[in-house]
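You will see two complexes here that share subunit A, one where it goes with subunit B and one where it goes with subunit C.
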Partner chain A sequence: MADSKKRVPMNHVIGFILSLVMTLVAAWAAIQSDLPVTWVIIGIMILALLQAGVQLFMFMHVTEASSGNGHVPWNMMFHGFALAGILVAGSLFVMSFGHDHGDHGDMGENQQHEEQQSEDHSGH
Partner chain B sequence: MHITDILVTGEPIIYGAMVSMALVGIALLFILTYFKKWKWLWSEWLTTVDHKKIGVMYILSALLMLFRGGVDAMMMRVQLAFPDLGFLNSQHYNEIFTTHGTIMIIFMAMPFLIGLMNIIVPLQIGARDFAFPYLNALSFWSFFFGMALFNISFVIGGSPDAGWTSYTPLSGAAMSPGPGQNFYLMGLQLSGIGTLATGINLMVTILKMRAPGMKLFHMPIFTWSTLVTCFIIVFAFPILTVALALLTIDRVFGAQFFTLTGEGLPMMWANLFWMWGHPEVYIVILPAFGIFSEVIATFAKKRLFGYNVMVWSMIVIALLSFLVWVHHFFTMGAGAFVNSVFSVSTMLIAVPTGVKIFNWLATLYKSKIEFTVPMLWSLAFIPSFILGGVTGVMLGMAAADYQFHNSYFLIAHFHYVLIAGTVFACFAGLVFWYPKMFGHKMNERLGKWAFWLFFFGFHVCFFPQYFLGLDGMPRRLFITNVAEWLPLNVISTVGAFGMGLGFIVFVYNVYYSFRYSERETTGDSWNGNGRTLEWATTTPVPYYNFATVPYVDEIDPYIRMKEEGKTTFEEDKVKPIHMPSYTGQPFIMMALLGLASFGLVFEWMYVAVFGLIGAVFMMIRRSFDYDDGYYVPVEEIKRTEKKARGL
Partner chain C sequence: MAAEELKTGPLEYRTQEGQMGIMGFWIFLGAEVVLFATLFATYAVLFGRTADAPLPSELFEPGIVLVMTFLLLTSSFTCGLAIHEMRRGSVKGLMLWMIITLALGLGFLGFEIFEFVHYTHEGATIQSSAFWSAFFILAGTHGLHVTLGIGWAILLLIQIKQRGLTNVTSRKFFIISLYWHFLDVIWIFIFTSVYLIGMVI
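Let's turn to the complex of A and B:
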């Protein structure tokens, strides 16, 4: 908070405009552009990384190692990444294992019935 | 458009509610005007950033919601005990169980606990306010307007009726048209902003604003439970925010995230909901554990047994809480392997929880127990909660869960953990810290009446429900005239009314104690048994909390302070205290966001856009707000402290 005396925080203004521009570009890529889907996805991913960078370095306190507890942002980011890992891997695991959302919609269910039946048999 | 287009019509019970709401509203307006209290309301409460006052407002709102949710519950119980009476129709029943669940979790349990944290945590760590007092006011008002929005649904537009879990595709636009489900989405979204902000705020407060010398492992156990809870909030609530936003986009703007058409995944809602929903359960139980630990240590007059283990078991519970969500939908049909993994992780939670139970018992072992009202709630918690915990492990076995799922066995289980855990803790905590908040204790005799009525009512109400579940009675069922179920249902209803009676005695006790209780003269209200810093402050607590902050390098620092005759007022060390200014901005900003949410509920885009622009304008104003607060002069501190301490 060393520069709280400055009336216009230029860093924040630039960061804010940058993030607005990147959001608009991403929206344009998805809605208006004629790019192939793969490129749209790759583009949005890159923009997301840049966006995160802007947030971390222009708004957050990643650069303030001298704040005494400089490890806090990294600590929280680690937790954030761990959670994102659980969220994505966990959802894939839960939503795809034993189900089949492809063309053979019935296969998963049949398999399960078979499994249940075989379990019943082994139980006897 | 005509007013009757959005008002709910044709239900006598709802007409009654409308009339009584209008009467209460008129009475409030009249009282405020007659006693000229409008200015007082605005300048003392609506604009406050004082953590203690915000906490009181949280608790008042939560008690109001406990009443609303409780009335819902009793209406359901009447319907179930007298199925042929035709008391509720099926639509009304659906709406009532939905609002009962949502209100009790989101607008009762959480705000009650957050209110206690608001008041007590800064006092326990020797802080003068939250790290971000403005944000704290913002959090409260976002919760308040979210709550108001959700609650008006039953007179305007119709309540949500898809259960508190709001599963898609039932809650999607195709199967639940109309504003009802939007009330759920926007009410939760709006109050969720406040919860998330409070999580961040308290986390920073606890990490950065502790008394000099106080390491993390010197913190009182309630503060520890709050810190762990904050981590869960910060990491779990964004999942709910995203899920609610996706469903809102589905419903209001016609997207297909959770619909079967357009390759959406309806089951993804259940997945995301419980990824938040399971940690949410621990958000409301960990602070409860913290409260019980404080109360038990105080009235057993012993240091909490196994303090370090207690802390670590909370951290382990928090970690595990993110790894068990599938046990809420074992029957969704994921493979046996998936269910087995989550079955095992679920049962693992019983280990740290069991450790905590044994630590409480060990704290009580060979101690001189003082049976005060908060202690009664805490002692009743242990056996009652174990009943809930053990049945939880039964539900955690995936194979057995195919039998228990969505039966009254489940209903009994989660009421045993949520009421015996969270609600008992709310009452214990409120009675325990009541003198700190209001300057007088609650009457002991009435408090015991309230406790015994509620305690017996609770067991009579929910114990039979285990057996109803085993007899095959499913939850959310509107017609129950099956001869085998009827006797148990009637017993259960009797219990519910017992709990209602207990609540009435409790509320009467608030009034009675305000009129007749002795005023506190010392800060250490419970016969000098206080162990932590909140008892070192005077009663009532001055708005700056601590004239001088003591040096702390141990658990239960106030015990040594009392031995050495130290206080939080060392006259020669008093310095001017920096305090935040009151401001009406949070109230206005959140009122505007509330208006925007209301617009979105009815899909009136002009209203929504107007509210959103107004809120953004308030945020810009905040960015150019250079009010750095003010300093309390030394003379004023000395005057206040001397008067309060009778020096």
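Let's turn to the complex of A and C:
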């Protein structure tokens, strides 16, 4: 591998800088920016996925000609990631979507009642 | 052709055993992805169920979490450099960067223990609510992995001091580098979906 002859592995340095920048952007978006919460969450989750990609492809030698690409069981890794997505999205879908429970649910209902009342008043 | 490659490629790929060991470790990482996915799913479902305990937005502080993130991110980078040195045939470089990696990992652990103790003093323990149970289990399982990784790497450092770079020792170091990078991947998701989202909402 030509890469291993170099003193400084440039792809590692680039990956490191990319990770630092993405971490700082995510932190800025969450802490400092005035963006809507939904957009912040979508944005920082995308940044997290990109950073995971940097680790996999630039640090973890996922693609490597010198092993004949025979060292990574792609089907099983895909299986793992698909299961992870199903577990998290499925749990949220089953347990949290459509019905708020606990304090939040009550607050939501109260607000709805108040809104309805104020609409009634304005109607009169 | 195969015989020629066996004499030139990175040491860890030269034997069938080495290649299979690395592939087996990737399968293990696939299983670890699923393990952490169950913990993330539990955390996401229990988010907001803090009962009478403090809210995450009251306790999470950007400063310490960012320091922990940069420590682990840098340790992942230095771990990559260690493998790079290993492939250049330098035992010294490998050991130096690996020790730096471990020092950064220990720094991360120190901050995490400090953070957990701080939360406990503020009234958020593993027993205080469903949310904090899920939080401590998720972050704690990651911290436990870091602890195990540090112990594992110390043992490997002792072994490489005694045996030098061989097909076997370089395969072992390559595998722990995969493990260490993987811990950083998990931490990125904890940093984003636990701490950042916890501070936003």
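The rule we apply is simple: the second predicted complex is superposed on the first by the 71 of 124 C-alpha atoms of A that agree within 3 Å, B and C clash if a C-alpha of one lies under 4 Å from a C-alpha of the other, contacts with A are read in each partner's own complex, and residues count from 1 in each chain.
In this text, contacts are C-beta pairs under 8 Å (C-beta built on N, C-alpha and C of every residue); 3 or more make two chains touch, one makes a residue touch a chain.
Computed from a prediction, not measured in an experiment: that's the story for all the values here.
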item: Partner chain in contact with A:M95 - subunit B first, subunit C second, else both or neither; value: both
item: Subunit B versus subunit C, judged by how many residues of subunit A each one touches; value: C
item: Subunit B versus subunit C as contact partner of A:V37, first or second or both or neither; value: second
item: First, second, both or neither for A:L83, with subunit B first and subunit C second; value: both
item: Those residues of subunit A which subunit B touches in one complex and subunit C touches in the other; value: 72, 79-80, 83, 87, 90-91, 95
item: Contact set on subunit A toward subunit B in their complex; value: 69, 72, 79-80, 83, 86-87, 90-91, 93-95, 97-99, 101, 109, 112, 115, 119
item: Parts of subunit C lying in touch with subunit A, wherever the complex brings them together; value: 5, 9-10, 13, 19, 22-23, 26-27, 29-31, 33-34, 36-38, 40-42, 44-45, 48-49, 62, 66, 69-70, 73-74, 76-77, 79-81, 83-84, 87-88, 174, 177-178, 181-182, 184-185, 188-189, 191-193, 196-197, 199-201
item: In the complex with subunit A, residue positions of subunit B that touch it; value: 207-208, 231, 235, 239, 265, 267-268, 271-272, 275, 322-323, 325-326, 333-338, 341
item: Subunit A residues within the subunit C interface of the complex; value: 1, 4-5, 9, 12, 15-16, 19-20, 23, 26-27, 30-31, 37, 40-41, 44-45, 47-48, 51-52, 55-56, 59-61, 66-68, 70-73, 76-77, 79-81, 83-85, 87-88, 90-92, 95-96, 102, 104
